[in-house]
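Below you'll find the structures, each written out as structure tokens.
Two complexes follow with chain A in common, the first pairing it with chain B and the second with chain C.
And then the complex of A and B:
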């Protein structure tokens, strides 16, 4: 069976060397089941070799290829073209918001990764602690001693979409708070609560839940932030009565 | 900034090899600059299957590569545990042809010093309930899975802590020679600012993998490397905890690995001239789907999450790319009076990137008359996130 072909226009944000940004249009033929990143890569390969964009694994494990596609944060390597446009449609492609733009679609992830490091999230976890407590169980074997890479791929989509991050450069952001929550659940380490219990930490969040809406990797940062608040408040009350350890 | 008065090594390419080499050379006292035309690990490295090889895949056909893999597998588990899911793997026999391969496999694994354990059908199904119930026998092997970008970043972070400088989005456009056949620097374009400049170097290492031939051709040199792409397909459920390999000679779609909440099947193998853009062919994706269902039937009820192509850098130019070795090779271009102060490293596997860096750094030290031993196998790497530290 011959694959369907669509003609689409990519309108890509271009920016370099401090000049104001503009949009440049590229029209190409695609298979609608291809992913948005495939189309961006073809623009670089066959239309304009000066285009800069971030990418590495092409299957949602590395988190490098986050972009804003038609106004919505997407991990472009797993976003099928048919989900975001139609035949003869346009894809407007912009860099992530709330990050400094280095050029075109490339943003500087430094502050984000520093916050992730401060959250102390281990990137590998025992399988039974890697899943969300509100998850359906993993359909594989009972995971005796098995470990896996955690869900957060540090793509930054949650920070890009967050209205609180848009108002404050010092907010540590949903990903790092979710990381601290996951690490706290695994270890019970009180210092993680202290780190998050801060005006630029847990209390900057306005409960917009946009982070959870765009997360491509099941992290559910908004739920984790709310749950971490419960742990912080509970710990504060318990410490009033002299308790030093969290409730087991 | 690179240290003053140290010899300045400039590495082209920030894939696994370039990042591991930056760490090794920085440990041996070099000032190191890494130039990469795109993002870290945006070529072959990022798009790898993510399999931490035990070497068992190659233990009958390519024992040199198999031995390299098991040695490096043990080292990476120690130094890069931060980005490895180490749950082991199974080689499973599903038919008579697989069963007849088993004695050869067991002998090959023993010859290459790879620990394997024979399992009964019941034991294999208990470990992996989603395995094809037709399984006839299985071996357990020390396979794992890693996150590709994080493995590269961990080497790069460790290199940066020792003063190495990384310049992503800086593309090499030519070599600068001194008139007597020695490389003294590179012409580079800063792709962010769209500005050209010259990068001086005491020695240049071409670590561009599948692109090594293209880089070498810029100054009329030949490197016999064949870009040999293969397709990978990711599915959105973690149906297994261990790597599942088909117990037979290496072929298409014979490895299924778990990673985060996914499983990834791979791969195919064919040859291309130019690795810059390789389309994902729908018929190859279909074939991977069929092969994945043979090993794990539940893949049939699982949605595709991604599909991608990656070009292996294979040494040689043979007709049948499956016959080319998975080992690596380091070229000193001064040999035969060609070009001095230029080295190329290519071939190999992600699993062997540290060893590739060690051999290359040995050659670089020997060329510059420096005696310093490799120390990269001893200490855990710095947190990958520190690549982004100030």
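And then the complex of A and C:
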């Protein structure tokens, strides 16, 4: 069977060297089951080699290719074109929001990575600690001690979509808070609660839950932030009565 | 650079395009909070009429019974219901309770707010 071909227009945000942003259009023929990143790469390969964008693994592990596609934060390597436009439709591609643009679709994520590092998130965790307790009940007695990579791929989509992050550059953001929660679950380290418990940490979140909606990796930052609040409040109350360790 | 966070981007709080129901709740809570704050100021202004004597107060009360002002008061009731009920949802969610059902909770609470607003409208405008 001959593969379906769609003609689509990519309207790509271009900005470099402090110049004002503008959109440049490229018309492509694509297979709608290809991914948005494939289309962006084709623009770079066959139309404009000056286009700047980030990508690496092409299978949602590296988190490098996050972009805003038709208004919604997407990991473009796993977003089929069919899901976000139609034949003769347009894909409006923009850089992630709430990060300084370095060039075109590339944003400066250094502050984001610093916050992730401050959250002490270890990229590997025992399986029962890496899973979301709400989705995967921990087996009573795991047969083997197994570890796996934690879910967060540090793509930054949650920060891009967050309304609180739009107005505060000091907010540590959903990913770092979720990382602190993940690490707290794994280690019970009290200093993580102290790190998160301030106005630009846990309490800056205003419950729009968009971070969880766009997360491509089932991290569920909103749940983790709220659960971390619960731990913080519980710990603060317990400390009033002299307890120093969190309840297991 | 234009893409960086800035307090001047507060308008994005009120932009529901491409967003989920959680953002609608977020926006409604902010709009109703502003409305209730404005109402509080107007309410204090109205009470200040008391010190100007009975005539001034009676004149204001006569104005308050006009349909336009009544409609404004109905908006205050709606704002109070929306903000209060949504606030209870956010309060519970904020400590991890009911978070997995936050969308459904919001819809149910807004139906209750709508029903309450209709109830007050029926009685305020004498439709009962």
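Methods note: the second predicted complex is superposed on the first by the 240 of 248 C-alpha atoms of A that agree within 3 Å, B and C clash if a C-alpha of one lies under 4 Å from a C-alpha of the other, contacts with A are read in each partner's own complex, and residues count from 1 in each chain.
Note that in this section contacts are C-beta pairs under 8 Å (C-beta built on N, C-alpha and C of every residue); 3 or more make two chains touch, one makes a residue touch a chain.
Bear in mind the structure is a predicted one, so any value in this text is a computation, not a measurement.
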When chain B and chain C are modelled together on chain A, clash or fit: fit
So, A:117: does it touch chain B (first), chain C (second), both, or neither? first
Counting only touches as set out at the top, which of chain B and chain C does A:147 meet: first, second, both, neither? first
Partner contacting more residues of chain A (chain B vs chain C): B
Just to be sure I read the superposition right, which of the two partners does A:240 touch: chain B = first, chain C = second, or both, or neither? neither
Could you read off the angle at the CA centre of chain A, spanning the centres of chain B and chain C, to the nearest 10°? 180
With the two structures laid over each other on chain A, which partner does A:167 touch: chain B (first), chain C (second), both, or neither? second
Mind working out whether A:50 is in touch with chain B, chain C, both or neither, as first, second, both or neither? first
One more residue to check, A:103. First (chain B), second (chain C), both or neither? first
After the superposition on A, what does A:210 contact: first (chain B), second (chain C), both or neither? second
Compute the least Cα distance separating chain B from chain C in the superposition and give it as a whole number of Å. 14
Under the contact definition given at the top, report the residues of chain A touching chain B in one complex and chain C in the other. none
Please output the residues of chain A touching chain C within their complex, sorted ascending. 18, 21, 70-72, 95, 97-101, 107, 134, 161, 163, 165-169, 171, 206-210, 213, 222-223, 226-227, 229-230, 233
For chain B, which residues are in contact with chain A within the complex? 38-42, 45-47, 50, 81-87, 126-130, 145, 147-150, 152, 169, 191-195, 232, 234, 237-242, 258-262, 264, 276-277, 280, 282, 298, 305-308, 383-390
Using the touch definition from the top, list the residues of chain C that touch chain A in their complex. 1-7, 9-10, 12-13, 17-20, 22-23, 25-26, 90, 93-96, 99-100, 102
Could you pull out which chain A residues touch chain B in their complex? 3, 16-17, 31, 33-35, 38, 41-42, 45-46, 50, 52, 54-64, 77-78, 102-103, 106, 109-110, 112-114, 116-117, 122-124, 127, 138-141, 143, 145-151, 153-154, 217-218
